[in-house]
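Dropping the structures in below, format is structure tokens.
Paired with chain B in one complex and with chain C in the other, chain A is shared by the two complexes that follow.
Here is the complex of A and B:
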């Protein structure tokens, strides 16, 4: 059915062989993970208020949300954009992009987990999240965290189900070639598998993909911006374009990270012929227009906030224009757009993979900067009740603990990718490709387990 | 504003946001081929994931709250 040339032997290679570079990378990520754990234990031991730049509601002043909630908004955007790519491949038969669909799926699952972890970090302890779940029917009326948890849980359950179902027939067909020590996990994924179910599972997956695609604008462009726009209507947190702006930013950073991970897999496993340059060029075009859209929405904010805006919005916009972070973000966006359109218009001069990875990283960091500014700014100038009653105008600067914990979530996602690469095939194999992997005399010892 | 039992947030979540999920489930039941075993299996996985999330949070949360004062 497809024009994509996938070599199943090479797709399975990472599951069967491990290079020296992999172990080195795993060691580095493990060290980062240990640093993360140390910082977390420190934060849990001394309390969020004592070791971060975040102030407590109504007690110590300053902003009650900072890098963690900015990071949460960023990760959730990455998750939505990631699965949108994968779901679109299934719903509208974009078979050309099948080689990157699973990379995007895995990114989504990891990004959702990291979004949830950022909330845990911001709240201090995981049992508070558990309490929020138990109290959900009573707190959903007024608690943005109750909405956050509902959104993350819904998305995580849907994407995990999507990934598990899509793996059933595939894992069962190639199980004799997969690591034996993971047999219990594969048994769970393929529980009660029967080839007769394939047609129905495909139909179930199609509807799951439709629901996931529909939920992307509803959640990333709806619930998440509404969380901010409905809370006490802080300046900068609302506006007619807020949802569309956040959706555009989210998909921009998601696509940037999908591009980075795609290039990493291509390079690491020599999959240049399976994930062709053509795919990277197409994604570059989409990324260029998304980044341009982000600039356009930023102009919206600045223009409406600067030109005869109500006093509080005017003050916030004026303050924002004096912030170095704002101009760093604008610089990052403009430079990215110039380079991306250069790659589209003059590929011979501008298009090269390292530069594309660099621009993608610049965009992802820029959007993170914007998200953190968005969260913090509204809270720095509490001009609307009830926040004015809770704390005075504050300042915010993330502490080292916050930086280690937030950057730790990026390292954790990288660690997750390293682990998952050794558990499931990172390119989905279709029926005819799986046929090529049928057990031979040497391999059929584990067949049918 | 007093906390009402029925709030606009509930209409938004269950009336609008969850619409794609309702449509998805309808699609599973009405779409062909009719295979209720696979649908039950899908719901089973979803329940397992929800259970893993809630129980995992409970276990980790309780452990940490016993070990630390904050």
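Here is the complex of A and C:
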């Protein structure tokens, strides 16, 4: 309960002062976004089929889904893991980790938006998404994509509610210290706020967190893998452990990204004393075991697919083992696990933040690689004999446009962080801390930006 | 529930069956009447038309479905033009293909006589029209006329072959020999592509069982492509074939008012439509025909209502009762409506190039040159660098 020394003044500082580095970073991200927009306009103008490596299944020897759908699965996983981390902090009262809870929440909101964006990218024309919404009531009971939309919307509503509610008393307490030009937004968040509601809100938040924690295994470990297994035409998209494996991978990549963002905030705003090394070290242990779990599930896949699987699954696994992608993924996992356990066992020699960020990035990219492989690999191999051998094995390699658009979603999420950090405090402030910010005679709004 | 049902035919059986009917929300008497008359249809004492006349309204009121055929059965057996087209180039190819086929013919004699299910048994009260095909691979010479004619008719994109002719070698089939498999969209009765569609753009038209894509509402999500085990879906790339193609001349709007005919627009999913613009046209000459069927010089493709005993495909299936008849990937459960006549390729079948290639007809062949990864073939290391 105790132990966290949060200095509210320093938490609010980024909202009031902006460094030169911030502007430089903002400029870089803006440039990346312009490139993203250019690529998107290009794709819309010439068509998905013309500018991506995506091709027709069957005689064209292509695969219908590629980096975008792989990226979608990755982002969804990140979102689920992010909210799980934040909700766990609240439900189990892990006060020690409070400084990273909001970072995980913001990551979740951004990741959900990016997951949705990846679907739109894959469809080729953004306006078409409305067709799926119009038809949603009639298709949700049988169409996996309609379900995806339902799941993303549900999560977006839950996390935004969760975040907004948790901000109400905080914002109203420190409003006089927040940027003036955002006043309408704060007015909206704190609409009808009354200090008496605090206790109720805390209870609501607790139950909301419980609901989210219950939904994560159901959705990330259930619905998404189930959606894939529904498409029985493709091998490799089902299996007894598919749900558990996907959940583990999701939380691994989410924790890796939370770690990266935590270190970034620590560094950028000099919060080393508030987000202590201790927190990073604990997260390292969790990450080590999650990565180990991912390796373990991969071994299950390979063993069952290689030795006793029916012909087409066997062929698929054999094909997978020949892919460079697969061995790059395995290499990334093994290296990460070795380094992480090194950090746990011999912190003196191994533990340092740059290395931790490096390993986290390696893990996040490895999981992305695995997700894309999971999507593409099943589609590369036509399913049933005799078509299996009459059709060619598919080929797929993402084009530059696809890379720009997918990496663009990561840039967009980074851009989102840059913006949000100027709008809300990135560490949740508790009552005692807010007291310290009470308006005094000196601070009557001369702060500005 | 407790004890076993009485034996059928026992006096108690009727009572027992009535109890069960009573426990449902539906009218017991109506159910009994319907089933009695359904039996009479099977015995030929009652015509389907009379049956629908008698029960149509009640069935609609009771179950909310209208089973009556909305239109009279189409196409009394058309006389098919069974002559190759008069284009010089194609005639040459037909001859060449026949030569190639002759070389590989050891087959004519050996007809395996496992008369799979093939045709549904007769007298089935299911009176809905279900358009389908009987494809006689025993006659096929892989001249690719069907592919070419379809391209010309529907103006499909480069590398897109709605009917695709696999020419394969199958060691498993005794002597090493070539055989052919023409693959159209199977227009399944249980099409997995329609179930996954998030906009209901892919749908099965109830009155004739043709599976179509509404080009106006398709969002290009490619789920249908992923869910189809036959690989018949092609995303519109907006590159209509410059060589063979003419502009699409049929009516794009089908009789149900949805845009379903011809080649798909860019970024929208397309596949064989069974030449829906012909089926829906006012021209009786065109109704009940497809471009591929008309183009076939050796009468491989038989197109028509699979539920009609006297249709061209059913008649042909009866004619070739002695031959092996099968549906492709029957075990998947999509209930395809194309019945093949001839040897079923085994899992050892290997694709081979024949004397007539797609390239020669100025049609690119994805099976050999990967249209999906066209243009500057990406170098192996490319993904690695970008990552």
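Note that in this section the second predicted complex is superposed on the first by the 423 of 449 C-alpha atoms of A that agree within 3 Å, B and C clash if a C-alpha of one lies under 4 Å from a C-alpha of the other, contacts with A are read in each partner's own complex, and residues count from 1 in each chain.
Here is the rule we use: a contact is a pair of C-beta atoms (placed from the backbone, for glycine too) under 8 Å apart; a residue touches a chain by one contact, two chains touch by 3 or more.
Note that this is a predicted model, so its numbers are computed, not measured.
Contacts of A:47 after superposition: both chain B and chain C are touched.
When the shared chain is aligned, chain B comes close enough to touch A:214, but chain C does not. By the document's definition of touching, neither partner reaches A:35: not chain B, not chain C. Legend: residue contacts after superposition of the two complexes on their common chain; A:203 is shown touching chain B, with no touch to chain C.
In the superposition on chain A, A:292 makes contact with neither chain B nor chain C. Applying the stated contact rule after C-alpha superposition, one finds that A:129 touches each of chain B and chain C. Comparing chain C and chain B on the residues of chain A they touch gives the larger count to C. Of the residues of chain A, those at positions 47-48, 124-125, 128-129, 142 touch chain B in one of the two structures and chain C in the other. Within the complex, the chain A residues that touch chain B are 44-48, 124-130, 133, 140-142, 147, 150, 153-154, 156-158, 160-161, 164-165, 191-192, 197, 199-201, 203-204, 206-208, 210-212, 214-215, 218-219, 222-223, 226.
Contacts from chain C toward chain A in the complex involve residues 159-161, 164, 166, 168, 181, 192, 195-201, 217, 219-223, 225-239, 266-267, 328-329, 331-332, 344-351, 365-368, 370-373, 378, 382-384, 386-387. By the touch criterion given at the top, residues 47-50, 53-65, 119, 122-125, 128-129, 131-132, 134-136, 138-139, 142-146, 149, 230-234, 311, 324-325, 328, 365, 369, 379, 382-392, 394-400, 403 of chain A touch chain C in their complex.
Residues 3-4, 7, 9-10, 12-13, 16-17, 19-21, 23-24, 27-28, 31-33, 35, 37-39, 41-42, 45-46, 49-50, 53-54, 57-58, 60-62, 64-65, 68-70 of chain B are the ones that touch chain A when the two sit in their complex.
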